[in-house]
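Paired with chain B in one complex and with chain C in the other, chain A is shared by the two complexes that follow.
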Partner chain A sequence: MLQIIKNEWRFLIRSRIFLGISIAFISILLLSVFLGNYQTRKQEQTHKSAKDHVRQQWVSIDEMNPHSAAHYGTYVFKPANLLNSLDEGVNSVTGNVLRVEGHVQNEIMHSEASQMQAISRFGKLKPSLLLQYIVPLLLIFLAFNSVSNEKQSGRLKLLVLQGAKPLQIILSKTLSVWLYGMMLLIFVLLVYSILNFQSLTIDILTRTGLFFLSYTLYYFIISAITVYFSARWQNATLALTSMLGIWIIWTIFLPNILMSSAEKWHPLPSRNQFQSAMKEDRSKGLDGHNPSDKRAIALKEKVLKEYGVDSLSQLPINFDGMRMQADEEYGNSVWDKHFGNNRKILRKQKQSFQLGGIVNPFISLQNSSMGFMASDNLHHQEFLLQVENYRRVFIKTLNDKQTFGGSKTGNWRWKADNTFFKSVPDFVYKPTQVSIILSNYLLDLALLIIWSIIITVVIYFGTKKIQIV
Partner chain B sequence: MIQLQNVSKSFKGNLAIQNLNLEVQKGEILGLLGANGAGKSTTINMLLGFLNPDSGAVHINDIDTSHNSEETRKLIGYIPENVNLYPYLSGLENLDYFCKLAGLKYSKDELENYLEICGLENKVHVKKVSGYSKGMRQKVGIAIAYAKKAKVYLLDEPASGLDPLASNELSILLKKLASEGATILMASHDIFRVREVCNRIGILKNGILVKELYSKDVSANELEALYLQFMQN
Partner chain C sequence: MRGLSIFIYEWKHFVSSPFKIIALLLFLVASIYGLHNGADLYMQQSNEIERLNQKAKEEKETILSYFDKSEKGPKNRPWVDITTPFWSIWYAPTYHFKKPSPTIVYNIGQTEQYGFYKKIGLYSSPYDADMAKEIANPERIQSGTLDFSFVVLFLLPLLLLVLLYNIKGSEAEQGFLPLIYVQTGSKNWWILSRTLFYTILLLFSLLGIMLYGATLTKVFEADNAFWTIFLYLTIYLVFWVVLYFLILKYGKNIISNTLQMIGIWLLFAFVIPAVVHQWISIEKPANLMIDLIDIKRDKTDEIYEQSNTDTDNQIFNLYPSIKQTKTAQDTIAIKEARNDSRIALINVAMKNAISKLEENNIAKNELISKTYWFNPLTYFQNKLNHSSKTHYDDYQTYRDDIQNLVDKRIEIMVLDIWNNVKVDKTKYLEYNKILNK
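Presenting the complex of A and B:
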């Protein structure tokens, strides 16, 4: 087998056309890695500068009523992840700025796609675009006539006569084509690692390793099917046409069809439905700005009783802050209910879509690629959850200051000083560790492994039917 | 030794070979003459073990090719009409590659020696095969079989398309191989070349061996007349 692989590589190295294509493609890959890295670094800088600016604004508040500060709010920016330079996943369409304020959970805004001059179907030139779409095409073009050419030229007879078994020939050809894909993949990861050497962490290396594994399996599947078709079909054109058909179905049609099906099976409420339901549930709760609200009155009675006083003016605390916090907590439970439901639906959609990997390994590749590069919707949802948790701490800190900071009920002119505002914690994003979310992608990896095994078994048994003459 | 005993082979109901009995001894060259579709290539493919006969038995050195094709292939050197080697490799590299596939590791000197024995000039050993003539490629093909130490040589239209000089060189080479003890079966259209090279000649028509004779018993012209007579009847 090694001899056949070595001979195939001699062809790759000595074929001027292929060498030219390889050099051109490697240059484009190199460019995509540099561009991806440059964009990520630039995003990191922009993110840091925006975050510093907003924080500076916040800590510069000289004096302000804490509840007014809650309305004034702050901004949270979705940090650029180093891994996104390889696969930006859904990040360019999900938005990256969230306004954090009292009473309301705002939606994330300023998606990169909405500000792009040229919105491409395939997105920006990132290594994942080339690794997912173009490298498999190259492998197909490399493999489609690998066996049929030997058959048509009569060399297959000579190879078998010299002792090479058809199974060995097909597996060797598969491995040599696969190794070409691996070479391109390793090249990308090597350049990426060199460029980001100082920022590499165990988590990033683990994720990159799993990313590598997913592509390794997918390239094997593509190479093996193409070489097998080349061996089974009578002519190379048929093998090429079949593989291009599979490539189109796998990469263009099936992902759209399966995603639409998953959305149909587990539909999210429409924006109007969602907002109406939220509004309705919210209206059933306590209105923090309305002292005459029934629930506000009940809370007042409870607090007065706890403190053993008859009126709000006798309270040693500011009841307004307490009422605002009660309003906030009710709003939080409404958010938990509705957004929790949405999260559940999104998770079901993802799981259904993942099952599409049974018929389309490209889906498993895309899922695992985005997942391991922390740029899929699951990671985005984790970010939104962290922002919401921060918002709750942020608003509670302000409401607690309003309540226990020394002001009296009804004194809306009372102001907290700059020391307090400086003490309010800033948002710190904790990147989700791959060990925590790995279980979400095991199905994708398992399906890619199963596909690889099935193809190998098909080759093993199918080779017996291949006619040498 | 090559033996075919009552061999028949059909494709989708069409008989390609019918009760063929043939024997080629060690050191002998048998020429199979016949028109296109006479069954020459089918016979060779059965000897190579790529096709199994519907009935009868095919043996190479007393080993049945249908059941032990891997064993018999080790004994066979096959030279097709067009020896399509790897064009990006030199003659030397092609020989080295095919030898390694057969599990044979030769030094560069040994490989060059094989090529020289088979008539390929030293100066072209390291040139890419894409620049070789048909005759030169055929010499490499024979060198592959020779380096494999084949006991049986099967040649399918070896002289087709060769210039007279190359064709003559091939004849000399085949005679040399036979003198060293090789068993050779050569399928061809070329009556004159077959008459010149082979010890015995068989004429195949529609899968039937219609005539078998010794070369020394007929002149080239007589053989041609005989051949045409069989083809026209």
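Presenting the complex of A and C:
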């Protein structure tokens, strides 16, 4: 088998067309890695300067009423991730800026895609675009006539006469084509690792390893099916057109159709319906800005009782801050209910889409690629959740200062000093560890493995029916 | 006559090729699926707009009931007084919509990148958080909806490939190419006629599919959009026919022709748009809206903290007529009027920041347009987006309209406050009428 693989590679290397295509393709891959990396670095810089600018504004507040500061709020910018230079996933459509303030949980805004006219339906020139769409096509081109050519030239008969079994020949040809895909993949990851050597962590290496595994399996599936078709059918053109058909259905048709269907099976509410429902639920709670609100009055009675006083003016604390915080906490529970529901729907959509991997391994590849490169919706939702958790801490810190900072109820002119504002922590994004989210992608990996096994079994049993001449 | 017989032979060849028939059928099915996706979105947006109009009507009824009952406003908002221009305009429900064009059935374009309705308030801006797009799965948005334009732009060249790939190559491989040249007289004429047959077949198919799409929404109500779209699709088809014709003319065998055709498709559909996209992102990175943030926070504070004289001068500069009003001469009344009018100054500052931001976006779009000559897919995509009113520019017009409505709202409010207008039911209805024009 090894000898057949060696021979295959010898033939490939001798072919000038093959060498030309390989050099051109490697150059494009190299360009994609460099540009992807450069863009991520540039994004990181823009992100850092925006973050610093907003933080500087916050720590420069000389004095301000804490509740006014809650309205003044802050902004969180979606950070660029080093892994995104390999696969950008959903990042260009999700928005980059999120306003953090009291009373409301804003939506993330200003996506890159909304700031310009349409360009590419398949995204930027990232390595993932080439590795997902173009490399499989290259593998198909390499493999579609690998066995049929041997049949036509009579070499296949010669190989069998020399003692090689048809199964060995097909597997060797599959492996030699697959190795070409692997070589390109390893090349991309190697260049990427060299460019980012200083920033590599265990998590990044693990994710890159899993990314590598997904592509390895997919390339095996593509190579094996193509070689098998080449062996089963007398006509190389038929093998090529069948594989092109499969490629079109797998990469262009099905992902689109299945994703749209998943969204129809598990529909999300419209923004207006969602906001109206939130508003409705929120109106059942306490209104922080309205002292005459029934629930606010009940809270007041409770607090007065706790402190053993008759009126708000006798309280050693500022009740306004307490009422604001009660309002926030109610709002938080409303948010948890509604956004939690949306997240559940999104998760169901994702699971349904993942099951599409049963009929289309490309879906499993796309899912795992985005997932392991931390650029899928799951990671985006995780980011939004971290921002919301930060918002809660941020607003509570301000409300607590209003309550316990030394002011009295009704004294809205009271101001906290600069030391306090400096002490309010900034948002720090904690990248999601792969160990935490790995379970979400096990299905994709499992389906890719099952596909590989099925193809191998089909080759094993199907080879017996192959005509040598 | 010679051409006709080539056409008849090609028809026979086509009907006896299940592979080609299946490819065409698949294309038709995908097109119809795409049309229905577009029609669904059209219905969804139209229904949502209908619902919001109803909501606005109910909100208006509620406020009118306050006038009927001589109440000042909602009971849980004791500080509200709807007889003042400020609160009356505050509570005049105004929604502005980006109504979907019926031609969205053919092309969803950039629709899913933006919101399509906006509640206009005194503090509104076209870049508010509620301008966010509809709630949707970002993975679906990223992979794009399979609409009719997607089918045409990406799958039509592939269908054409399937229909044309064996022209000449098959005859060459079977060795009777010289015989055909003798029979037809001209190699080019023979290839051209066969290619033309499939071009006409596809043109009729496209027209048929588009007519079917026209039954899903009222496409013919949208000016000449139907024919404009059909024209673009025809030019696009011809573009690919010419490319493939050249490959067939100079190609030697089926496999080499097929590989060249798929190669050129990959180049135009994937590689070039992706390279341009990447280059634009590096050259003009996504704007994080720092200028807008600065205005919202620091400039607003500055406006509230500046001296009364400065504020008055700026307001008078904006609305010269109010300088002569009684309120302007009344040292007590001017305080409240000045306070409420600060919104106008914030609005001006916001507009300045927005114009900078939009200049940046325009520069980005110009850069993209400059690549059209070697990036045909992006060119045709954007032309179709224009025709179905789903282009960035259409959403820019929508944002401009929102800004104009905000300006109008603020202007009416400021003028009526300074002119000490008392609002009654008639005046409130008048506000609603003007603001919803």
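The working rule: the second predicted complex is superposed on the first by the 466 of 469 C-alpha atoms of A that agree within 3 Å, B and C clash if a C-alpha of one lies under 4 Å from a C-alpha of the other, contacts with A are read in each partner's own complex, and residues count from 1 in each chain.
Everything below uses one rule, namely that a residue touches a chain if its C-beta (ideal position, glycine included) is under 8 Å from a C-beta of that chain, and two chains touch if they have at least 3 such contacts.
Just so we're clear, the structure is a prediction, and the values are computed from it rather than from any experiment.
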Notebook entry, point to check: Since both structures carry chain A, what do chain B and chain C do when superposed there: clash or fit?
Noted result: fit
Margin query: Is A:Gly154 touching anything from chain B or chain C once the two structures are fitted on A? First, second, both or neither.
Written below: first
Margin query: For A:Asn7 in the superposed arrangement: first (chain B), second (chain C), both or neither?
Written below: first
Next item on the list: Quick one: classify A:Gln162 as touching chain B (first), chain C (second), both or neither.
Entry: first
Note to self: If we overlay the two complexes on their shared chain A, which of chain B and chain C does A:Lys48 touch? Say first, second, both or neither.
What the structure shows: neither
Next item on the list: Look at A:Ser15 in the shared chain and tell me whether it touches chain B only, chain C only, both, or neither; answer first, second, both or neither.
Entry: first
Margin query: Looking only at chain A, is it chain B or chain C that touches more of its residues?
Written below: C
Next item on the list: Scan A:Asp376 for contacts with chain B and chain C and give back first, second, both or neither.
Entry: second
Check: Can A:Ser260 be said to touch chain B (first), chain C (second), both, or neither?
Finding: second
Notebook entry, point to check: Using only C-alpha centres after the superposition, what angle do chain B and chain C make about chain A, to the nearest 10 degrees?
Noted result: 100
Next item on the list: Compute the least Cα distance separating chain B from chain C in the superposition and give it as a whole number of Å.
Entry: 18
Check: Which chain A residues qualify as touching chain B in the complex?
Finding: 3-4, 7, 10-11, 14-15, 153-155, 157-164, 468-469
Item checked: Complex interface listing, chain A residues touching chain C -> 28, 32, 35-36, 38-39, 42-43, 46-47, 50, 53-54, 57, 72, 75, 77, 89-90, 92-97, 99, 106-126, 129, 133-134, 137, 141, 145, 236-237, 240-241, 244, 248, 252-253, 255-257, 259-260, 262-263, 268-272, 274, 276, 287, 290, 292-293, 342, 346, 349-350, 353, 370, 376-377, 380
Checklist line | Parts of chain C lying in touch with chain A, wherever the complex brings them together | finding: 19, 30, 33, 37, 44, 48, 51-52, 55, 76-78, 109-110, 113-115, 117, 127, 129-146, 150, 153-155, 158, 162, 165-166, 254-255, 258-259, 262, 266, 269-271, 273-282, 284-290, 293-294, 297-298, 360-361, 364-365, 368-369, 378, 381-382, 385, 391-393, 395
Note to self: With touch defined as at the start, can you tell me which chain B residues reach chain A in the complex?
What the structure shows: 45, 48, 50-51, 70, 73-74, 76, 78, 80, 82, 84-86, 88-89, 93, 97-103, 141, 144, 148
